[in-house]
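In the two complexes that follow, chain A is the common piece, with chain B as its partner first and chain C second.
Up next, the complex of A and B:
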């Protein structure tokens, strides 16, 4: 059978120190409910510098400069240890500073809603003239506005302020007088998704030698919604991002499913390619400012820096089988159904063992499980434990219950079949997909033959169902065979014989 | 604890009486279970929700605690919780929950 392949991956982080304070919901909620709180007073002392964010080991893993296995050489906590020779740019993408990202907001702004200060633009035009992806886009920043104009829009016209290093440098205007779906705040969040998604997408194209005009379909899978009062989640981030990267032959649509959406999107992309509808499909997601500093109170209480200080984004290209890259086993897909039930046992059975059984595989036949790869440096101090480790223990424990694994082997299983988490807690960003970039190498040049990508989502947060959700898919080393159906020797002989007969009869006629 | 859950616990306690309520937890970490237990006994320690400063003193148990395990059907327990019992740090959770009950439980 000819399966689709993972053809390329792009990943980006954006350091957004001022957005933690002004746009993270933990902080905005605190300003409303407890404006004089100690937390708000202390917060600026706990913000990391751009250099610290670059040197942070999990961030270097995210952009591909070190591997998840390398992360094991760093003892937790990770925030007080630097990666030697850390770099802003990596094999998969980059870690962008906030001021450059604010310029990207302007570059992707199709409705002239983003207003930036003149001096800020002039400085950035100089700073970004060497950026490998955006040096030619600087004209789109235009001239900029006087600061008095921007102050007026923020104070009198409900514009969302944009800060850098504590100073007002611009704003996002509202797009409607009364429509709550087109407020400056929502437009800001949506432009952040578009700009960060575009950044990851551009890296995907740039790092993998892809002709952008070959891309036929884009699936966007973040957690925001764009639309107006008559269609609140009308969409379509996917097409907007496709336009911003110049994918002229693509259309697209948005897939939502909380944190599980990227794995849903991966399966959908695989299906579109496998069916032959499209040859090249990109799944892409931008980042969420709302989640910046989500566990900030715990981090500050424990005298740590606020580690949720980056937006995350990714873009993955799924293409028809090239005989080289890892294949997506569209026949080995797991899903948590409406009837599955909510006990962890039922969930892991549905997501892990049910698809494995279909392929005649055991839990130990999967070399690496990529679950929700949340960085434990962030979650442990907040009392949420080590998320990937807990997932590996659950998968292993199910293996024990099914007699596929000895109980005493449980901890070894966690180490051998698992990975330490490195993804920022941006909801959908950690969800299985951060490993795909590494999987491309591990399942071709490396010694891994099979991995499983698992995404899970907390649907109950939307108050429409109490259900939880999850999907999974197995990826495998490419066998090198790309043909759908083999032609037997006999058929070939028959075909040759028929041609000879035709040829002979032609000759006789002449 | 989630603000909406705080509202639900509070309104159910008002409706049925604190002496008639037991709150069961399934949190994977002792610290998280402890914080939630503290919220429904001594009040929301983060002062964010409706239980801030409200000392309901409810009875609190985690589902891996022996009191709960002995009270339910063994087969159902094994099916629903058996795997998690293998994974969680049961001793740590039991200790944390006991400490919350001893300090703040009124019933």
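Up next, the complex of A and C:
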């Protein structure tokens, strides 16, 4: 059987300090419900600098400069320890500063909704002229606006303000007088998804020597919705991002499933390639400003910096088997169904052991599990625990129950088959896929033969069902065999023999 | 006399820990009345 492969990965983070304050829902909610709160007064003292964000170990893992295993050398908390020789650019992508990202919002703006201050643009044109991916796009920034015009749009015309270093530098205009789906706020969030998704996509192309015109289909899998009052969530971020990167031969669609969507998208992309419908499919997702500073109150209370200060984005290319890169085992897929139930045992059985049994595998046959890879430096101080570790313990416990693992081996299992979490709590971003970039190396040059990608989603947040969701897929070292799907010589001989027999028996009857 | 007899229970579950419906299931057959059950996502 010829399985599809993971052909390339691109990852990007964007440091957005002003957007924490002005666009993160914890902060915007606080401003409405408790405008004089101590938290709002203290928040600016807890914002990290761009350099601190670059030096932060989990961020260096995200862009591929150090590995998840390297992260074990840093004792928690991680925010007070710098990575030596940390770099803005990494093997998989980059950590972009906020001012450059605001320019990307303008570059992806197809409807002239983003207005930027003249001086801001002029400075950025100089700053970005050496950026490897955008130095040729500076003309798209145009001339810019006078600050008075921008102030008027924000104060009188419901435009969403864009701040940098505490100063108003631009805005996003609303696109309709009364349509609540085309408000400036929603358009801002959607442009952030498009711009950050484009950034990761461009890194995917750039870092993996990909001809962008070979890409035939794009699946976007973030958690925002674009559309108007007649089709809220009609789409389509995928094609918009494909256009922005010059994927002229691609179409696409959006897949939604809360945090589980990236793993759903991975399985869908694998299916499209396996079936032969497309040869090259990209899954891509941009980041969410709403989640910036989500646990900020706890971080400030504990005298820590607000660690949810970056947007996350990724893009992964799934292609037909090249005999080299790790394969996606489309026959070893797990799913939490409507009837599965919600007990941890039922969930892990559905996502982990059911697909493994199908392949005659044990829990310990998977070398690395990539679950919800949330960074514990963010979640533990907020009382949400260490999410990846909790997942590994549950998987290991089921292994003990199934006699595939000794109880005393449980903690070793967590260490050997798990990884410390490094992804920002951007909902869909940590969901299994942050490991795919490393998996490409671990399952080719490294000593890992099999990994499982698991995504989970909190569907109940949408108030349509009390259910949650999850899917999983096994990835494996490539055997090097890339046989084409077709009919073997043996089968043809058998078919001819059967036809001859039928023909002969027909003649005898006559 | 069961410790849950006559008690009203509010359940807040965790998606990555024990979800609300699983806790509800455990309380079935006790004397507890579940008046509120929800699952939260903390990430």
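By definition in this document, the second predicted complex is superposed on the first by the 483 of 510 C-alpha atoms of A that agree within 3 Å, B and C clash if a C-alpha of one lies under 4 Å from a C-alpha of the other, contacts with A are read in each partner's own complex, and residues count from 1 in each chain.
The rule is short, and it goes like this: a contact is a pair of C-beta atoms (placed from the backbone, for glycine too) under 8 Å apart; a residue touches a chain by one contact, two chains touch by 3 or more.
Small disclaimer: the values here were computed from a predicted structure and weren't measured.
Peer 1: Considering only touches as defined above, state whether A:468 meets chain B (first), chain C (second), both or neither.
Peer 2: second
Peer 1: Figure out whether A:33 sits in contact with chain B (first) or chain C (second), or with both, or with neither.
Peer 2: Only chain B is touched by A:33; chain C is not.
Peer 1: Thinking of the overlay built on chain A, is A:390 touched by chain B (first), by chain C (second), by both, or by neither?
Peer 2: both
Peer 1: With both complexes overlaid on chain A, does A:401 touch chain B (first), chain C (second), both or neither?
Peer 2: first
Peer 1: Examine A:244 and indicate which partner it touches, taking first as chain B and second as chain C; both and neither are also allowed.
Peer 2: A:244 contacts neither chain B nor chain C.
Peer 1: Looking at the overlay, does A:354 come into contact with chain B only (first), chain C only (second), both, or neither?
Peer 2: neither
Peer 1: For A:458, is the partner it touches chain B (first), chain C (second), both, or none of the two (neither)?
Peer 2: Touch status of A:458: second partner only.
Peer 1: Taking the superposition as given, does A:343 touch the first partner, chain B, the second, chain C, both, or neither?
Peer 2: In the superposition, A:343 contacts both chain B and chain C.
Peer 1: Quick one: classify A:297 as touching chain B (first), chain C (second), both or neither.
Peer 2: The answer is first: A:297 touches chain B but not chain C.
Peer 1: Do any residues of chain A touch both chain B and chain C, and if so, which are they?
Peer 2: Correct list for chain A: 343-344, 383-385, 390.
Peer 1: Can you list the chain A residues touching chain C in their complex?
Peer 2: Checking each residue of chain A against chain C gives 259, 341-344, 372, 374, 379, 382-385, 387, 390-391, 425, 427, 430, 456, 458, 460-461, 466, 468.
Peer 1: For chain B, which residues count as touching chain A in their complex?
Peer 2: Touching chain A: residues 28-29, 31-32, 35, 46-48, 79-84, 86-87 of chain B.
Peer 1: Which positions of chain A touch chain B when the two form their complex?
Peer 2: Chain A reaches chain B through residues 29, 33-34, 297, 343-345, 348, 383-385, 390, 393-394, 397-398, 400-401, 407, 410.
Peer 1: Hey, which residues of chain C end up touching chain A in the complex?
Peer 2: So the residues of chain C in touch with chain A come to 14-22, 25, 38-39, 41-43.
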